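Okay, got some structures for you below.
Presented sequentially are two complexes of chain A, the first with chain B as partner and the second with chain C.
For the complex of A and B:
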């Protein structure tokens, strides 16, 4: 205490400022403080950290917690509940154990077509890798990554072929999800682009059609599911007279796995085509028509103008739309659940639906494991897609 | 401006039409045991209780107490609770809030609510098969003393079977029964009488009758109809029907014999054996005489088809009997005990053997009947962690719902989803006649239930820990895969056996075996 006092006493005495100097210092201090608040450091504390903390609490923490959940099993005890750690048993069950036939599917030796697909994929992958290696433009690490990517692609094709191009094979939730995603996007983009091309023309009632085409997007997915449930009901539904008139009284969507999947894809396409349509319409309307008209004057055909002018011009928008639908499409659950309950059998059971069913029986660990595998799948597919299209867009630019 | 308005107006109209039509016009995706019927509205409950209550001054016994009850969104099951709640509120001053969710959601919502200590529900009206998962960790209030000292409930009027199976676990009472459930086969009395046929005694008879009437016009609308309608949708009721069909092949020596597991070693009887193969083949065969989209129909669909006269046969809980009045099927609906088999499984060899006095001691005319007490019936339980005042109020409301005067009316109404479970409901037939059933239909309907209830070889539904996973996860998935031809019979049986064994190992084989054996020692 004494030393402290003495050190204060020993400090050099500053001259006492005059009144005007005090006012100037106070003004400088105020300006300095304001300047400090305006600095990057203050902005970091004020704006970035709260957002980071919010993300940590709302996103990262559940992500980490669900990893723990996927490695455990729920156990109820007197007055509470425990999570019993069981390692990778849930993942093992899905990929190699009892649930493999539901998750991956029934995998059998490929038939002739299957082998042809595998051999062709292997040959193309090997050729692409050798070409990269010989070009000398790819670094060693890049070659290793491409090799890993090629092997992953080959492995994926091998699984797909065993399930889809084999005698006795059957796709599981993972492959069914991929079918829904890629078939859905293909139909949605094709139809959406067609409708956008149509309505960008000066046709009668175009404003009316613009709004009508958007209607499916405004209906909740559950509502769409119920609507398609009624419409696909050939014996009692509102379209029954049409089915009967077409001689399809005993036709049903629900006994054949591929027809059932088609019904889901049609419902999903009906709902999401408007989204693709409206974005592409905006993109098409913002295009400079002079370039296209100049090409037509120069003798280019309509198809050539579309192929070489319109399509490249809307490619950045296309990339974004497909990415959004890709990520969204992997989460499909409403349509297969409401329309068919994942049936017939497990024919329309997507990964999200399988996770939901597990959740309902309080198999939370396996449900979380499926969710994580879905996250990995979406991340890989989205990353590969973005990498692929970025190169193409750059080349075109 | 005008054209823009027209465009917008033209777009809004279809939106409104679609929005109005889509969610309500079709049965629920997660259809529960008691689901939407298309029968016209049955007669209303007699207004006696309501008017009496309204005339009385408001009670104060539970004034200010708000009771939250979780149940099924049927609309059955929730309907009587919501309809009767104002009467009870008038009597006691309490308030009931019925939270209704899909059948598939009740279990996990209730269990997570109780286990995580959220305790947002004071009571659950749920499937008594799940009691094993709730009573072990102590989530349910022991009601043993309450029910035995409650004059309003009249505990001993509830049949001994329902007092035990629906309400009691390890010797303690945890629920108040509100419903009694058995599978039965329903047939068109007018058709069978016209052709001099008897109701099906065996499943072979069932298939023969279904084949005979399939493709004929059964309701006079000029359209071909169906021989059999049995709901087969995944995630709905399919797994219960296969149990009913297999039951007579798997259990012959009385209720304590068990139909799900071998009581000596917990080996699944639904695994690879000739009985299961026969049951699966029969189940698939019924689809050949049903509507083309039967694989995607739940009981809402099959009930609608039967009550509109489009099916000659169906299998269901007691609901068809009370849905029939006011529909095409009124006075044309007969109920009979679930058909049996003339063979039974030899558990040592996995082969089917002919029924005789040794193999089928309970057989009647050589037919081994094993009627299935499927599901048990909706029952109300109380959260052990709710505040005392809420527990008391919740108990009083459930007791009121189950009281003889109230339940006698509710079990006669198809819209409630409740079926008879009290002795007085079998002896006092006036409420049934008031509900629109004829004397003959009442006698036939109650007789079929009674013959099931009194059968010494009645099959009890599974009621051990993790029951929901055994039945609604593994069995339902495997059976639906079989119906969709994703699996053959052998593959289906193996999938069930592997799935059930995995659950048993996870829970502990000895513990599960003890629970299963204990569940078979039910009072009759």
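For the complex of A and C:
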């Protein structure tokens, strides 16, 4: 840390050059610097600085301002507003206080299945930790970190179970967001991969399908929300005959929390499957077909060929696309907001939606606190994902 | 004529399986297109026809009318045109700028080596924070920004050189890309205050700048993977022959990376074209964009389905047209995940 440039410069002891050599070297140095400045040297900085500067200004600042905002409360008085610092009260309210049922959910004692899940997780975590402790390859510091990670995992499972696998428990915005993200990614990836696999075949109308499948991506999420509001209308919507045939004419999606969440996930899947599809199609089309051909000629089954040749080849793309969808998915707001206004009750309220509602009611402090917790949540999930999944995959590839 | 479902090679499916695949694809095409068809027919309906249950085929089920189209395009006239122009200007310019800046940064991160020093980075952040705190405390914006730059320039010589622990390209790339994690809601409110201070509220310039910043990480991410997959030899031999970086970029890199640039441009354009939350916070009247206009049709009398359908249709048409025209670039242009690590 303490080393400075001058000491590095002084380090190599060169023989003192004679006069002419010195002049040549100075000249070379001068043209070198000038040339570098005109081409490479300037380009090096010109290429990267605009992006870095813009991001620095437009993301560091909101980050800092959000912290300040989340630690304060807006007080209105005659002729203006005052920000009053109130410490961690906003966070405390969300995680432990009045707003907990809204944010985390109503937490009750788990039922039998809930206990089974908790005990299984605890046992697996303990087993994994003991194994890494016994292997002797992990240093004590690493073991402590793993212990903390394990306890965190157990804690989050405990909260999830209390909200989802318990009598009278109810998930709040945080858990609902997690449900949207993970169910959405599961559906989008499965559908996207399936469609891409079908479309790499030599099939009629290929170009038509490729273009049509892209269309949902181009529609604004607000528009998709309203479109699905029409679709899910059981009395005036286009699917009315189907609802009637199923005897569901007077049924509405809005009354049941899980059906409402399903509606949001369906809309989200409709919109974002094309993104996964197009990236996977690109990956599949760039694959070398000869290996697969050889395997099939040698008598391998299609499933075997997929499992051992295609799947490993598209794993890097898969992890990247899942990471992109993970990051984007956590920001979900338009679909639940328009489809159901976050309802019934708060059953489909995502974290961004809750923050937005707080912002709308001028509770800026709590809104910022929710946004910050969301940021922490995404960062943790993304880091864990990159650390565990992505690194392992890139090692394989 | 050859059987379109016939088998062409070993890796191809058998004819019945192929027919099955075709049927599945047709079904998904229906799932994709039906809601859009429904938008189209709804746009030709009267409020009464929308309310009286589902009618599917114009002229058979119901008598189509152009009322909704006339209402949006003629009666609202400028109130439709203004947000539409805003969307076009904001979408195109923010995407082009984000693509230029992001692709340049991505190329630099793949081909040059950077070793930014921790001291300099900390100082830069400190200077930016200083400028903003000064603005927040009531100093004029340009004075605050100017003094921030000055502090950075002066102290960079003194302090910046002390802390020489260096970081690498992947750190910069990771930092740039990780900015995409920021939830828009966390950014929107502070930016509202910022733009209010410098008088850019309800101004499309503010929207453009914000969208560029929001989309830069995606551009860097996609283009970095794309550039990394390009062969290095061509550029190296050009450099040996004495071509400058600009020359190499213009004559070699840009032409061969056109598919990547086009695909990335489309993705970024779609994000900017459709963005709702930030536009909602930062604009009120003059700079409103189309997504806000769509949402505005859900008035006190309930959603105006017919008007909404027209708006969504005129909004997606240019993007769909562009996607159709540039489709052949898209699958060749996305090489995400090609990079290890």
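The rule is short, and it goes like this: the second predicted complex is superposed on the first by the 338 of 397 C-alpha atoms of A that agree within 3 Å, B and C clash if a C-alpha of one lies under 4 Å from a C-alpha of the other, contacts with A are read in each partner's own complex, and residues count from 1 in each chain.
As a working rule, contacts are C-beta pairs under 8 Å (C-beta built on N, C-alpha and C of every residue); 3 or more make two chains touch, one makes a residue touch a chain.
All values reported here derive from a predicted model rather than from experimental measurement.
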Taking the superposition as given, does A:207 touch the first partner, chain B, the second, chain C, both, or neither? both
Return first, second, both or neither, reflecting whether A:98 touches chain B, chain C, both chains, or no partner chain. first
Once the structures are superposed on A, label A:66 by its partner contacts, choosing first (chain B), second (chain C), both or neither. second
Could you look at A:338 and tell me whether it touches chain B, chain C, both or neither (first, second, both, neither)? both
If we overlay the two complexes on their shared chain A, which of chain B and chain C does A:303 touch? Say first, second, both or neither. neither
Tell me the contact category for A:258 with respect to chain B and chain C: first, second, both or neither. neither
May I ask you to name which of chain B and chain C touches more residues of chain A? C
Which holds for A:317: it touches chain B only (first), chain C only (second), both, or neither? second
Overlap the chain B and chain C contact sets on chain A and report the shared residues. 205, 207-208, 211-212, 214-215, 218-219, 222-223, 226-227, 229-230, 235-236, 338, 359
Per the touch rule above, chain B residues touching chain A in the complex are 3-4, 6-8, 10-11, 14-15, 18-19, 21-23, 25-26, 29-30, 104-105, 107-108, 111-112, 115-117, 133, 136-138, 233-236, 291-293, 295-296, 301, 304, 468-469, 472-473, 477, 480-487, 495, 498-499, 502, 506
Considering the complex alone, what residue numbers of chain A touch chain C? 1-5, 38-40, 43-44, 46-48, 50-52, 54-66, 69, 191, 194-195, 198-199, 201-205, 207-223, 226-231, 235-241, 270, 278-279, 281-283, 285-286, 289, 292-293, 296-297, 316-321, 324, 327-328, 330-331, 333-334, 338, 351-352, 355-356, 359, 364, 367-368, 370-372, 374-375, 378-379, 382, 394, 397
Contact footprint of chain B on chain A as seen in their complex: 73, 76-81, 98, 101-102, 170, 205, 207-208, 211-212, 214-215, 218-219, 222-227, 229-230, 232-236, 249-255, 257, 337-347, 357-363
In their shared complex, chain A is touched by residues of chain C numbered 4-5, 8-13, 18, 21-22, 24-25, 28-29, 31-36, 38-39, 42, 50-54, 56, 101-102, 104-105, 107-109, 112, 114, 124-125, 128-129, 132, 161-165, 172, 176, 178-191, 193-194, 209-210, 212-213, 216-217, 220-221, 225, 244-246, 270, 273-274, 276-277, 281, 290-291, 294-295, 298, 303, 305, 308, 312, 315-316, 319-320, 323-324, 327, 330-338, 340-341
